[in-house]
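Let me give you the structure first, and then I'll get to my questions.
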Amino acid sequence: MNPLMYPLAPQAALAAGVFGALGLGLLVRPKPVWGCVLAALAPLAALAALRVVPPGYWPPLVDVDAKSLGWQFVIYAGALPLAFCAPGDDVETALFLGATLGMGLLAVAGNLLMLFVGLEFMSLPAYLLVARSGEGPRGRRLEAAVKYFFAGALAGALFLFGMALYYAETGRLGPGAAALGTLGRAGVSLMAAAALFKIGAVPLHWWLPDVYEAAAPEVTGFLSTSMKAAATLFLVRVIQIAPDPMFGAILPWLGAGTALFGALLALRQERLQRLLAYSSLSHAGLLILGVGAWARLGGDPRALAALLLYLGAYALMSNGAFAFLAATGLETRSQLRGYAARSAGASAAFAVLLFALGGVPPTGGFLAKLLVFWQALRAGLAGPTALAAVASVVSLGYYLGMVRDMYFDAPQDTAVPRTVRAPSLVLLTCAIGVVLLGVAPLLRGLVGGLWP
Amino acid sequence: MTPAQVPIVAWLLFLAPISAILFGFFILRPLKPEWTHWPILLSCAVVAVASVALAARVYADGSFDLNFYRWAAVGDWGVDFGLRIDGPCVAVLTMVALVGSLIHVYAASYMKGDPGFSRFFLVFHLFFLAMIGLLTANNYVQMYLFWELVGLASYLLIGFWYQKESARKAALKAFLTNRVGDFGFLLALLLILTTFRVAQFHIIYLKVLVLASGGHTPEFLPLIGGLLIWAACAKSAQFPLYFWLPDAMEGPTPTSALMHAATMVTAGVFLLIRSWPLIAAVPGLPTAVAAIGAFTALASAVIAGTRKDLKRILAYSTVSHLGLMMLALGLGQIGVAVFHLIVHGFFKAALFLCAGNVGHAIHQPTANVDEVGGWRKALPWTYACFLLAALSLAGVFPFGGFFSKDAIVDAALSRGGLFAAAGLLVSIGSAFYIFRMLFLTFHGSRPEQKGLSAHPHEAGFGFVAPIVLLAVGSAFAGLLRPLIERLVDGGLHGLPVSVGGVALQMNLPGSAMIPGFEWRALLIGTAMAAIGAGAAYALTMIDAGWDWRWRVSSPRLVRVFDTDFGWKTLIGWIADGVTGLGNFAGRVLDKKWWDGAIESTGSAALGAGGLLSDASRGRLNEALWWMAAGAALLLAAGGLR
Amino acid sequence: MTLWAVVIAGAAAVVFAAAMLWSRSLYNGAVCLLVVLLQTALIYVLRGAPLLGLLQVMIYAGAVMVLTVITIMASGGASAAERFADFALPRGLAALGVAAVAAEIALTLAGAPPRAAAVAAPGLTAAFGGDLFHSYALATEAVTLLMFLAALAVLPDKEPS
Amino acid sequence: MSLLTALWVVPLAGAVACALSGRAARWTSLAFSLAALALSAAALRPVLASSGAGLALAGGAPGAFGVSYALAADGLSLSLVGLTAFLNLICVAASWDLDVSAGYWACFQALACALCGVFLARDLFLFYIFWEATLIPMFFIIGLWGSDNRRRAALKFFIFTFAGSIFMLLALIAVVVLHQRATGEWTWNLAALRGTDLGPAAPWIFLGLLVGFGVKVPMVPLHTWLPDAHTEAPAAGSVMLAGVMLKMGVYGILRVALPLAPTVAAAWMPLLTLLAAISAVYGALCAMAQTDLKRLVAYSSIAHLGFCLLGVFSGTAQGLAGAALLMINHGITTGALFLLVGFLYERAHKRGLSDFGGLAERAPRLAFFFGFSIMASIGLPGLNGFVGEFLCLSGIWQSSLPIFAVLGVIGVTLAAVYALPAYQAVFWAPEGPGSVSAKVRDLGARESGILWTLCALMLWIGLAPQPWLAALAPSLRGLVR
Amino acid sequence: MNAAVWATAGALFALGLAAVVLRRQMLAMLLGVELMVAAADLALVHGACRFSDPEALAAVAVILAVAAAEAVVGLSLILKVLRSGRGLDAGDLTELRG
């Protein structure tokens, strides 16, 4: 057995999924509906396999440490909702599994090249997935895919040149170099730029709203959760390779700025998906702030735990929110008016998720935000945290605005009254999960209090 | 009365009215509103008997204290409620009880047929209860409680006929002015509690006495004294806060008689009596009290002479006589002040009820001097009682008023200077305005009366009986002098208290004995009364048209008197200033500026969002340009440093 | 000597890259890029990584550029509003290219026998070949799967349901 | 299940039960409110017996991130919990005849649960969760069952308070971080955090806490959400909002802000007292200008809470006892006033002063109760309003500059200036053009019953405040400076 | 030698970046991307030979393959956009905005 097979079991499961999906597509003429069942199996199998993987370092490419295990868990969990929501025909299943596989590879990457391969491996299928998925108008999806492609390609090129510069300075592709000279630091900055592009930091974010708006809701859910987690890990890995004080200084302000920028833009959006795209941008800002705090704290594992929990909570919230859009087929905020009167269950779950996204306490969203603020304040970043706090207050404007539209307005007759079963299942599980996460730290005490 | 019965009788003072009110409110008002006054009259009787009994007890065995319960105790000070039955309290209480009962009887017939009959009697008796509570309180907090309850009752009674715009405005003005006065009282309360750590009167007297004997006074004592005087000025309608009393005449006549003549307005004087040891301990304050009293007495006497409405004349007369009581207090004659307070209670109540009869005769709540005239024969009883009370007010020899008012004037004369002049002028003025009212109402036919259709007739027994009793009472009130002398000055005031073994007979400092009967006072008093009466006779009977001719000839003078020498306009400005400030704060400062500023941050966020979303035109090349620029920035930041 | 060859190759690559950027016609651009790729392949060989130069020529110049040219032909890009009048590569540019190639050949032959390869460690190519399939095995496998997935791009869209 | 846990779990169970019980939600909410009131009485008894020492429930061992489920209760907390339960019962009774969905009752029970949680929590994380959780039910109460522009008011209410409390959150985190730096252990327990030396960041931390609690109180600069929220909330909603939710702010300052940053609090005391005094006078001034009854009562709440803060910032025994008592009194008096205005609005769907007139004849009972509550609200001695304000003023007089007490007394005087003209305009003045007095019928038996209980309470506290002070004073002993 | 190669790589990278950002036709932008990748490869190979590190060469080989895959995806997307009637010009793709 190939020695690498053991630590890469999850990736192997996903690869098997890809080939399975394509094989079925080719061999079985009437496209099998249960293609999505196969798809659903792959990430589950990966999660199962993850428990078996022993952490270790297989030079030069694979480095499976606690960090990558945690991230892989979040990535595969983030992929599950799309798997359940039947990602369309076999080609899309293959593409979706391919992208997940790419993220898995990136998670275990030991050196810069493997990082690049992982980056491209997760991006290329994503471009195609955006182009093919959902029933939205074909022109818009293609436009979004092309924009996503060129932005991704440019980022890939920047990363490569950065890698070259770094290599020229240190002569190695892996981490562990001594203090870097100007050439090396320049290389690292370029690599960081590529990572920041993928998360969606402000100047490099222009592609994000268009792509998230055009793709099918559940695909956007996948992109905004798993892809964002992978991108965050990418940034963490780059900083780990070259722990430059520049990151500690710039990233917090960049993050807080992105959070405020995303929140302000989301206020005025009429289309729901674009609004949630900008809100995802705002949450990305907080992630960047978290990474900045981690960098300033000199790689403190507690800060990483906060980041991971934020990504976990965000995976629940964002997937849930997009599942609502997929389930109800609502397009714009005016269609949302008075929707609670029509379907109480879905709108209640969506309201819970909106409160969570806004960071209102009894939900997981609050716990996540609290932890990131906590680490930021530990790192002494009072200014950026205050700015991020302002951003989360601004974000309440549209989260609560949507709840207000749903509950406090008279129902519109023009709404599209259809609910698709699979996504609503995802919606409910996410809503319940978010609330449980919110009271998680207290759970042991609570249970103790209720039944001493 | 055996010692065991005394507390019961004391508590009866409270139980009777409370049970009457509750019985009336919960049972009679819904079932038989027109019978509401029966339990109340019964309670009046009980209270009258109880107060007389208590007066006898105090007269015989001295004052006593009854502790009831601990109201509130926090940190290092505590306030306990209880009763304090001593000389001045019993004296005033008896007057209030007797006069009050008579007015209740009068009101029973006066208010018959009024739709709000039961509401009137319940509130009327609530006032009665509050007055009793105020007089018998043994500490400042309890007194403040009943002080405000009296204010509330006066608000409800002045505004009894709330359909009338003027009644509503007058009620509001009365209550707010009293609240301004209570501003001082509340502040004084805070000072007292923080300085003396206790609210009971006799303990405070003791502390002041001990400190005074030690040579130094507590730092806030002058402020406490000043604030208490301010509060007394509001309640007893002294300058500068007197302007609410003339408008308080909007209420039904019984209320004007009971509250705004005999009892409520004397509460302020009673407060000063109760806190006299504090005020006397501060050198300047007594003279200040005297000055306020003298000035108010003089000014209101003059204005009373120019009023046309009967009840307004009597209102200004009350202000003037309260000024006299303040003057007496200021000159250190506490006994005389109490004596005048009691006598004034009788004759002023009689005068008001007579005015009530006159108004009732022409079926209006109050009568105007131009609408009446020559009713000597039509209302014989009312005329007789009015005459008796008028003589007593003017201070003519045998009648009660002489002994109390002229004693004050005599004290003023012995003090000399401005007070003497004021005293003389006031006695002339009061004789003038009361006899002018007498002549204009009861004597001589007035040319302007022609158009009047009403032919007045005497009211029934229910109206006349109380007035007769009151008039007779005011006539012979002079005989009460020795009684009050003993109650107020005879050392019965303080409790036999021993401090370090020394039995301190707490006596009111500076309460000299009531001056005995002297020929000098007799001559001066009668002379002044004669001058006043003569002038009135001349200007109303001989030159009949004088009273309305000068109004036509010099309107500016009329305006001066109407606005009380410009004081009412000043108060009007202040009131408009406060409401203007309120409107500015409420509408402009809070709603437009402050709330607008906060909501504009919300719209600013929306604007910024709009701006940014317009900027993102979705062009691919721009996006890539921004990416390149971002990367370059990072490069610069990373590389350079 | 190889230094001069590298410099000339580099210069040529840059000139042609500029031409690609500037050329209005996509077809010209594509051809210029092809030349650039060849020059870089040459530099790889000169720097001592002949196998990589071969790979570059095979994969990059060969497959990718051919694909691109075909796409340009298919998209009619060539006939887009052109910056230059005629279709052919501008003569001056072509002449320059031929001169550059000639100079390089001359310099490499005039210099010592092709020991340029000696500049890098002996056996580098062999080690490089080995690494590709041992320590970098995962990367190569991953890339092959990536190629496979990329191929899905050409599948037609599913008919709107 | 310990008693303290039950105090907030019962209303939560009530909320769920009401949500599920459809049309019979009214009865379920009544049952659960009574149960909650009984529980709070049961909890209060031992505290009274042990002269206010209070019973603490040290919850389970600290869970993740140093968070522990710690509840505790002393005189102050339990009196506020009692007030919550009592007012909740009053609200259920008051909105008995409203045709509202089951959600209405569920929201009120949820609100009661969160409020009890705030008053009992001793772990700052738990405190913050309950603190923010109160916003959600209130948001829906205002939004779903409010009057005409309820949508904007609900949003403004939520965002305004959230903005304040997010800075409070940052301050709390800062305290936890500094505590960890000093002692090395992660904990959110209030008792443990009290002693932390906050170093140079202390003013910022205190400012953050103050902003968070100040918005809720509301202190003057941060008060503009209150009039809108009150005007748009339904009658029962305003009762809970004014009756209890404003007290969360004062409770927070008393329990969290002052103990956590005592040095800064002492240094800023004159400024804080000035703000409180300004609130007292400014609230009364603004009330004068209002033409809408509910806005008038809302501004009067700002004035009353100004007094409460005066008492709190005085730091003396009298001041603190006065503040604690005023919190309860204000709950009862303003609760009664809002109920009455609510009944008026129910009958005539109008709240303007000029819309009514001559109601004294049409609705004598309404006139009596309104008059009674107004008198209690402007602080007539003998009723409950006076006791609280008097103690607060005497507290502030002892501890700081006389100007503040004078401003306070001016506030008391101004109370009558705005309250009585309003009373006269509605009840005494004759009906103006376009008045809707015809639609107003007098109070029914249920409504009168509610108001009789409230008036009886007002009279009882006014005449005999000592038993209440005895319950509250011991728990405040720790806070006296 | 070192300076020469780095100069070339830098210039090529810059020109590639210019092509991507400035050109309107998408295909030209794609060419630009290819150029940037080639420049990076050049730099990497030069570095590899300097350090005579076989791993870097293997890396470059992998990068070549990835670039190829990228080109395939890019070309097919551009063709699809072309066939959907939107033309080759990136400036027209502004339906998603705001």
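Which chain is which? They are A, B, C, D and E, in the order written, and residues in each are numbered from 1.
Here, a contact is a pair of C-beta atoms (placed from the backbone, for glycine too) under 8 Å apart; a residue touches a chain by one contact, two chains touch by 3 or more.
Keep in mind it's a predicted model, so treat the numbers as computed, not measured.
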{"item": "Any chain that touches chain C and chain B", "value": "A, E"}
{"item": "Chain labels contacting chain B and also chain E", "value": "A"}
{"item": "Chain E omitted: connectivity of the other chains", "value": "one piece"}
{"item": "Central chain (by mean CA position)", "value": "D"}
{"item": "Pair of chains whose C-beta contact count is the highest in the structure", "value": "C-E"}
{"item": "Distance-maximising chain from chain D - centres being C-alpha averages", "value": "C"}
{"item": "Most remote chain, CA-based centroid, reference being chain E", "value": "B"}
{"item": "Centre distance in Å when chain C and chain D are each reduced to the mean of their C-alpha atoms", "value": "76"}
{"item": "Between chain E and chain D, distance of the C-alpha-averaged centres to the nearest whole Å", "value": "65"}
{"item": "Distance between the centres, which are taken as Cα means, of chain D and chain B, whole angstrom", "value": "38"}
{"item": "Numbers and ranges of chain A residues touching at least 2 other chains", "value": "60, 113, 117, 120, 124, 128, 131, 138, 146-147, 150, 154, 158, 209-210, 268-269, 397"}
{"item": "Junction residues of chain D - those touching two or more other chains", "value": "159"}
{"item": "Residue numbers of chain E (touch at least two other chains)", "value": "16-17, 20, 22, 29-30, 41, 46, 48, 55, 59, 62, 66, 69-70, 73, 77-78, 80, 90, 93, 95-98"}
{"item": "Every chain pair meeting the contact rule", "value": "A-B, A-C, A-D, A-E, B-D, B-E, C-E"}
{"item": "Residues of chain B touching chain A in the complex", "value": "602, 605-606, 608-610, 612-613, 616, 618, 620, 622-624, 626-631, 633-635, 637-641"}
{"item": "Footprint of chain D on chain B - complex, ascending", "value": "69-77, 141, 144-145, 148-149, 152, 155, 159, 162-163, 165, 168, 171-172, 175-176, 179-180, 182-183, 186-187, 189-191, 193-194, 578-579, 581-587, 589-590, 594-595, 598-599, 602"}
{"item": "Chain A contact footprint on chain E (complex, rising order)", "value": "6, 9, 13, 16-17, 20, 26, 29-30, 33, 36-37, 39-41, 43-44, 46-48, 50-51, 53, 55-56, 59, 62-63, 66, 69-70, 73-74, 77-78, 80-81, 84-86, 90, 93, 95-98"}
{"item": "Residues on chain E engaged by chain C in the complex (per definition of touch)", "value": "1, 4-5, 7-8, 11-12, 15-16, 18-19, 22-23, 25, 27-28, 30-32, 34-35, 38, 41-42, 45-46, 48-49, 52, 54-55, 57-62, 64-73, 75-80, 82, 88"}
{"item": "Complex contact set, residues of chain D against chain B", "value": "156, 159-160, 221, 224, 282, 285-290, 299, 316-318, 321-322, 358, 360, 375, 380-382, 386-387, 390-391, 393-394, 397-398, 405-406, 409-410, 412-414, 416-418, 420-421, 424, 427-430, 463-466, 469, 473, 480"}
